Structures are given as C-alpha cells and as structure tokens.
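In the two complexes that follow, chain A is the common piece, with chain B as its partner first and chain C second.
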Partner chain A sequence: MRNRILFTLQFLFTLLVAAFLAVPAGLSIAAGVTVNYFRGLQSGVTLQWVAQVWDLYAGTILASIMIALGTLAVTLVVGVPAAYALYVRGGRLARLVEEIITLPLAIPGLAIALALLLTYGGFGSFRRSWLFILAGHVVFTMPFMVRSVMAVFATIDVKSLDEGAASLGAPPWRRFVDVIVPNAAPGILAGSLMVVTLSLGEFNLTWMLHTPLTKTLPVGLADSYASMRLEVASAYTLIFFVLIIPLLVAMQWIGERGQSR
Partner chain B sequence: MNMMTRHGAALKVENCGKTFADGTCALARATLDIAQSETLVLLGPSGCGKTTLLRIVAGLETPDSGGRVLFDGKDLTRQPIEKRNVGMVFQSYALFPNMSVADNIGYGLKLRGLPKTERAARVAELVALTNLGGLEDRRIDQLSGGQRQRVALARAVAIRPSVLLLDEPLTALDAALRERLRGELNDLLRKLGITAIYVTHDQAEAMELGDRIVVMRKGAIAQVGTPREIYFTPANRFVAEFVGAANIIEAPIESGELVLPGGRVPVSGRDAMSRAVAMVRPETIMLADAATAGLAGTVDSVRFAGDRQRIIVRDAASVPLAVDAPNTVNVSAGERVGLSIPPAAIRLLPEED
Partner chain C sequence: MSHKSFVWICLLPLAAVTAAFFVLPMARLLVTGAEGPRGLAEYLAILAEPRYRATLLNTVLLAAANTIATLIVATIAGLFLQRHRFPGRAVLVAILTFPLAFPGVVIGFMIILLAGRQGLIGDVSSRLVGDKIVFAYSIYGLFLGYLYFSIPRVILTIMAAAQKLDPSLEEAARSLGAGSWAVLRDVVLPALAPALVASGAIAFATAMGAFGTAFTLATNIDVLPMLIYTEFTLAGNLATSAALSVGLGVMTWLILALARSFTGNSVAAAG
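Now for the complex of A and B:
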C-alpha cells in the first residue's frame, strides 16, 4: 500500500516535470497555427502563418539544411579517418590532437566565432560566403563526430581488427574501407545525426558569423522573434520542430539499439 | 608423416630487442633460427616478452635498431605486416563482424586478386580442413568460441603464408575445449607442414605442439630446446619450475651423495659441493621401505588425482617433496615412508639470481 502511494507520488512528480518542459513547447506550436493567439484557439486554426514563414524565411531554412549537410560531409570525410588514425596510432601526440579537436566543446560559440572573425575576417569573399558559416559549424561539430566514432572503436576492438586485416595483406586504406568503416557504422551514424542536429540548431556562433545574406534557420528565428508577430515566430518554431524532432528520435533509437547489442 | 611436404619460409630473428618509448625494455636482444616447417613455441609467463617477439616477426612492432628479421634470407625488417605474407591468429581472433565466415576466410585471397571461382574453391578447401562445413554463411557473432578459433585459423592459412603466427590462440576457450582443439591444432600443423611460431603461457600446449620450445622470462630467452630437453634437462631453476612440476632441493654434496635431513642420495656428475641446487621431477621418485631406503620422510598429505596420486613428504629434504605414486599405492598422512631416487633423475642446476 505504501509502495503504491510512493509510486503515485513519483509518477505525478514526473508528469509535473515533463509538463513543465512540454507545455511551453506545446503552447508555442499551438500559437503557430492559431489565427489570433491573444484570442486563443477559438479564434480558429490556420496554416497561414506557416505559409508566411515559408515565404519570408524559406531561404534560411534551405540554407540551414544545406549547411548541415555540408558540415556532415566535411566531418565525415575528415573526422572518421582522423578518428581512425588517432585511435590506431595512439600515444601522446594522438591524445594531444584529440584534446585540441575537443576544445570547441568547452569554449563558448561566441568566442570561437570571434576567433574566426579575427583570423579570417580580412578574406572578404570567404567572410561573406556560406563557407564561413560552414567552417564555424565544422569546428563546432567535429568533436562530436570524432568522439562518437572513437567511442565505437573502443567497443569493437578496432586495433585488433586493423591488425587482422593488415596481416592478410590489406594496405591502410583497404582496412579502413573494408573493415573499419563497416564495423564502426553505428558510431558513424550516431555522430552524423548529432552533427546534423547541432548544425541545424546552432545559434551562438552563427549569429556572430552571419551576414544579412547568410542567415540560418535559428538566426532567422531570432530575427522573427524580434520583429514579427508572435504567431509568425511560433509558426517558425513549429517548422524547426518538424525538422529537428525526427533527428532526435532517430538518435535515441540508434543509441538504444547500440546498447542492446 | 614422412610424406609430409614442407611449406613456409625459414626464419631468422637476428639481434632483435624492443625498448618502448617510455624506456621499458620488453625484450632483450635475441637471436633465433626457425627452420622451414618447424613449429617453434614461445613459452613464458605474461610479460616475458613472447608476444613482443612474435609481433616483431609479424611486422607489428619494429625491433630496436640493429635488429633484423629475415624470411628465407631476405631482410624484411622494414616491411610492414601487410607486405610480409604472414598468417596470424590473434588471441581475440580479430574476425571481421561485418563479413560472413566464408568472406572472412576469403578476404586475404580477395586482396591478392584471386578470381572468384578460385577463391571459392580455396575457401571450400579450408572450410573442409577446419570442419566448418555448413557455417559458411553464418555471421561471426553466431559462432561458438571454438568455431571462431577455427575460422581465424582458416583465414590465416588461406593465403598460403610464409609463416603462421599464433598468439595464444586457445587462451580464450574453456579448459575442455582447449584440450580438444589443442589436439586438432597439432594435427593441422603437422598436416600443413608450415613454419609456425606459437605463443603460449601454457606448458602443456607448448610440449604437445612444439618441435622446439623457447622458454622466456623477463624479456630474455631462458632456454631453447626440444620439449624433452626442456623437461628433462632444464637449463636453470626458472625453466625447471615453469615447465612441469619440480622439486628444487638445496643441499651440500659429499662424496657423491646429496646430504639431506632425511638421508643421503647418490648423484652423478659431482663429488663434492658446498651448496648444490638439484631438481627432481615428482614422477621419478619412488616409494620404498622406510627401514631400508637411503632417504626417508613422513607423509604430510595425499592428493588423489584419479590416474595417480601426489604425495607430499616432509622431513626428507629441506623442503617438502612432491612424489607421484601409482593410484594403487595405499599410504596415509603421518605414515613413515622411504624414498628412492635414481641418480639419473637428479639434475643439478646452475646457481643463479
């Protein structure tokens, strides 16, 4: 009986915490499809705000998707081989490099952005292009890719696999393609989803780096919050949710599948 | 057995040592010759340098400068493992989980550009040789430990390597399986007639599989010899104690006899020594009548082991003596027994450490 009460209390508390987090998100989404937020839902449900957001900000949404995919491509092409090299090589130098790659995790995005601006601000065409944002995102997301790939390396005993393939006559690139990548696939996938998610949602760094012509979705969000009516800003949030939630769910799913194996 | 064909290269390890970056010396400079189609076993406790030596031969470690590794007289010291054509069986097997059994076995052949049909034929040959029939399409994680071990072996042998290197291939298996596979492995090595280096810490494995055994200790070679030489004439106390059971007795020798607390025992070779170190294997000591035997002691305990019994006798020598007696002998603790040791069974060891 006492257990029953305890359970009920815990359950209610959990619900309360969940509600505390979920209700604002729900309200925000509701606001995005309400005709007039101040009159509430009885004013009617509409997609006009979503349409308006699309008209105004389609560019930023597409830009964000392109940058996220670009960031993913770079972190895959650079990060996975780097993780392989660092892991198989080992030693003090490898650890140092790993630390340096990981540094952006600890440094505020604003500081990274400032450093990038100070260093490359003078290269006008680079500064003004999408590549500048892309570079920032790569710096910011690289540790997540390298870390999650290295984590999976540790669980599959990559060193032995590498030596096994080498003993059969495989040069390094064949070992990488035939053995390392296929067996590290779960980690690479997890890293990829994280990179895309982080890139899509990145605000700090991008806000510093962007120009009026290179705006991403979150920067556009801030813009709309500041200057548009609440319903439009909320509709924008709704679009962001639609983009990001499936990625988060996929990440969770892959994580769980990885653990159960 | 006489019809056996010889395969593989003759190996020479010349002056190879290994000092790691942090200054620890894993292997003192060692020189070894391995004949074509010989099975050489590197035996020793963990940390003795046996795996380091194997990895130097494999090309997974480079020896300290001055060391050379020769395959059939050709210096391959600077070649990485993928250019040495070695077949290696790892302790963890290092099988590729993303490939089927057949693809694992065929991977080395694929790298060598063997056409698909020839590859399939060779894989089938090895599947038959290692009793893996019916498992070709299985995934690695669907195999038992013993099956994995055989896949690793088949994969290593498939490429017709110059030398087969085995790094504790049976250690990951449970005792009963280990014993069975040891026999299978022995048959296979003889059938293949390939040069092989086998690393183990298990002396029973070493005795059964090795044409010669290299006993190693603390990064150095303690003795090289055939299993019989190692067992019957160990070069020093470490080898005597590591390989098989041994009674090590320290006592003076006077007029050709070992002087022990429980009596005197004739030895051959030395007439007088103030302090000799003698090794006697338990199975060479025989129980005798306590009244007439030159050496006597008291039974401390009897451990029945089925096929024989080990009797611990105290007061005969300065240390309790282990004696292996037939399982029919009836003695019990506290009983007075005589011991007889043939002079040939006593081996004097050099003083050391």
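Now for the complex of A and C:
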C-alpha cells in the first residue's frame, strides 16, 4: 500500500517535470500555426506565419545549414585524423592536446567570441565573411568529434588492426583510409550528428561574431523574439524544431543501439 | 613515409586550427584584460568594484540555487524512471532529454510562453484569481530557464549511474530492517555521489556562463554574462569585458576541473 502511494507520487512528480519541459514546446508549436494566439486555436489554423518567416528569414535558415555542413566538413577532415594520431601516440603530449581542445567546452562561448573578435576583428574581409562564424563553430564542436572517434578506437583495438595491415605491407595513409576510417564509422557518425546539432543551435558565440549580413538561424530567432509578434516567433521556432528533432532522434537511436550491443 | 611522421601529419591540421582560433585568441584576451586604464588591476575589479562584485554574487547565487533545485528534481525523476517499467516510459525519457540540444535563446522563449506577458501561467492565474502573474523577465524567469536546460543534462547522468547501482546492497539494507528513507540516505545517495557531483558541476558551470537565455529574457537581470556583453557592446569597454570574461572562464573551468578530479570523469559544459 505504502509502495503504491510512493510510486504514484513519484510518477506524478516525474509527469510534472516532463510537462514543464514539454508544455512550452507544445505551446510554441501550436502558436506557430494559430491565426491569433490570443484568441486561441478556435481562431483557426494557418501556415501564414511559417510563410512569413520564410519570407523574412529564409537566408538565416540556409546560412545555418551551410555553416553546419561546413563545420562538419572541417571537423571531419581535421578531427578524424587527429583522433587517430592522439590515440596511437598516447602519452603526455596526447593528453595535453586533448585537454586544450576540450577547453572550449569549459569556457563560456561569450569569452571565446570576445577573444576571436579582439584577435581578428581588424581583418575586415574575414570578419565580415561566413568563415568567421565557421571558425568559432569549429573550435566549439571539434572536441565532440575528436572524443567521439577516440572513444570508438578505445573499444576496437585499433592498434592491432593497424599493425596487421602494416605487416601486409600497406603504407600508413592506405591503412588510415581502408582500415582505420571504416572501423571508426560509428564514432564518426555519432560525432557528426553532435557537431551538426550543436552548430545549428549555437548562439552564444554566433551572436557576438555575426554581422547584419551574416545572420544564422538562432541569431534570427533572437531577433524575432525581440521584435516580431508571438505567432511569427513561434513559427520560426517551429522551423528550428523541424530541423533539429530528426537529428536528436537519430542520436538517441544510435545511443540505444550502442547500449544494447 | 614512416608511420611516425604520418601520425604527426595527422595531428598537424588540428594543431594549426587550435592555435589560430583558440590558443592565440585566448592569449590576446588575457593581454587585453590588462591593457585598460587600471592595468593588471583590471583582473581584480571583478572583486574590488562593488557593482561587479554584486553581479558576481548574484550569478553565483543563482547558479547555486539552480544546481540544488536541478539535483533534487533530477534525482527523484531519474531514480523513478530507472527503476520502474511502465507503458509510456520511453516517451517520458525522450521528453526529459530532448531539450538538451535547445539553444539558450529558444529556452528563453519557452519561459516567455510559460510566464511571459502572453504566457500560460498569467492566463491561468488571471482566470482563477483575476490576477495576471508574469515573472519571465525577472530573476525567477531566469531561474526557471536554467532549470529547463539543466534538468535534461543531470537526469541522463543520474539515470546512467542508477543503472550501475548494485541492487543486492539495497536488499541487504532492507533485510537488516532499514526503511526506504534510510536506504535512500545511507545506500543509494552515497553510491550516486560521484554522478551528483559531476552533473551538479556541469549544471553550475553552465548556469554561470549561460548567455542566450538571459539575453532573451533580458530586461532587468544582472548576471555576469550580460554584464560582459553590455560592457563590450554598449560601453565599448574592451579591457573590462576581457578581464571579466577571463574571470568567468577561469571560474567555470575550475569548477569542472575540481569535479573531474573528484569523480575521475571528464565533464563538459556546453550551451
């Protein structure tokens, strides 16, 4: 009996916490397709706000997708070989490098953005281009790619694979392309999902680094929260959810598959 | 090409990118912090200047309150979800973990929808008691926002730790006559301690440095990231904003490093 009450209380509490997280997201989705949020859903359902967001902010949405893909490309090309090198080399230097590239996770984005502005603010054409935001995103997402790939190396005994291929006479770069990369695929995939998700939602750095001509989706969101009617802001948030939720579902799915193995 | 030189070549691009876009800028930030009229003393201003000190205290108190509240909420819900299987459990877990990837601005908007001028709480309260409760733009709104993004981070860690608990220890305690509170206090919570410390440190450090949520709710909230932002953009005070952000960065890094040395786990505060 006592257990029954305890179970019910905990269940209700957990439900309340879930409601706290889900209800505002639900409200925002509803508001994005409601004719008049103040009058409620009975005022009718419409896609006019979504269309208006597309008219006003399509550039920011495309920019965010391009920057996310660019960040992914750089973290793949730079991060995967580095993860391999750090893993096979090991030792104090590898730990130090790993420590340094992980620092951007412990330091607020605002500080990193300020540092980038102070250093490169004077280089006008770089400062004004998308590459400036890309540089910030690469610094911030790189540790996720490197660690995710290194975690896979730790589970598959990559050193003996590498030595096996070497004993067959394959040169180092061939072994990397034909043996190491395919074996690291699960880590590369998990890292890629993380990098794209984080880049799409990055605000703290991007707000400081953007210019009127280089606005990303989260920058546009902040702009719409401050200056647009609630329905438009909600429709914009809805578009963000549509972009990000498939990535989250994929990440959770991969995580569960990894656990059950 | 030897294997050794290949490994070095693999490492080279990362070293170049990190040096150019992280190490060098951070060094520049450190130097700039000491280039103001106060010189090196700028770094002490965060403690010496009453206005900055008050903001720092505000930020620390808010982050601490958020950490304690998050740990309590997440431990209750996380233990419950780890120990019971029931229909709809997977949906609850998904709801509780998805906001992990929401940026701070979006979370600010969630709080506006909940407690803002057109928010749900104000709507319900004006219908029930005729008084519209609006608190999104105050420190309570910010607290709620921090809670919103801390709960998913902490709950995942606690669920993972609870999964590894040895049930025989609890059974032993119970067979020796311990009640459920005693089991929780003397067996479960001590076993969860490393996870609580690690995830609590993440929650604390993230709340200290969170900018997006405060920016969206902005009107009258005085926290360190907002102070740095206004010093930089409105006052154009480069040295002060650099010194303050170095101070903030050192604090968040220290908290995470301490937690890591305590738990032996690597932790991170993104967001």
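Here are a few things to note about the model shown:
Here is the rule we go by: the second predicted complex is superposed on the first by the 252 of 261 C-alpha atoms of A that agree within 3 Å, B and C clash if a C-alpha of one lies under 4 Å from a C-alpha of the other, contacts with A are read in each partner's own complex, and residues count from 1 in each chain.
The definition used in the following text is that contacts are C-beta pairs under 8 Å (C-beta built on N, C-alpha and C of every residue); 3 or more make two chains touch, one makes a residue touch a chain.
All figures in this text were calculated on a predicted structure; none of them were measured in a lab.
Superposition of the two structures on chain A leaves chain B and chain C fitting side by side, clash-free. Touch criterion not met for A:61: it reaches neither chain B nor chain C. Of the two partner chains placed by the overlay, only chain C lies in contact with A:116; chain B stays clear of it. The wider contact with chain A, measured as residues touched, comes from C rather than the other of chain B and chain C. Once chain A of one complex is fitted onto chain A of the other, the partner contacts of A:152 are absent, as it touches neither chain B nor chain C.
Between chain B and chain C, an angle of 90 degrees opens at the CA centre of chain A in the superposed model, to the nearest 10.
In the superposition on chain A, contact is made by A:174 with chain B only, not with chain C.
With both structures placed on the common chain, the touch criterion links A:33 to neither chain B nor chain C.
In the superposition on chain A, A:228 makes contact with neither chain B nor chain C.
Residue contacts after overlaying the shared chain place A:196 against neither chain B nor chain C. Looking at the shared chain after the overlay, A:209 reaches neither chain B nor chain C. When the two complexes are overlaid on their common chain A, residue A:164 makes contact with chain B while staying clear of chain C.
This overlay, made by fitting chain A, leaves chain B and chain C with a least C-alpha separation of 6 Å. In the superposition on chain A, the residues of chain A contacting both chain B and chain C are 166, 171. The part of chain A that touches chain C in the complex is made up of residues 6-7, 10-11, 13-15, 17-18, 20-25, 27-28, 31, 37-38, 74, 77-79, 81-82, 84-86, 88-89, 97, 100-112, 114-116, 118-120, 135-136, 138-140, 142-143, 146, 166, 171-173, 176, 197-198, 201-204, 207-208, 218, 221-222, 225-226, 230, 233-234, 237, 240, 244-245, 247-248, 252.
Remark: chain A residues 91, 156-157, 160-161, 163-171, 174, 178-179, 182-183 touch chain B in the complex.
Contacts from chain B toward chain A in the complex involve residues 21, 58, 60, 80-83, 85-88, 90, 92-98, 107-108, 111-112, 155-156, 159, 165. The touching residues of chain C, when paired with chain A in their complex, are 1-3, 6-11, 13-15, 17-18, 21-26, 28-29, 32, 73, 76-77, 79-81, 84, 86, 92, 94-106, 108-114, 118, 120, 147-148, 151-152, 180, 205, 208-212, 215-216, 225, 228-229, 232, 238, 241-242, 245-246, 248-249, 252-253, 256-257, 266, 268-271.
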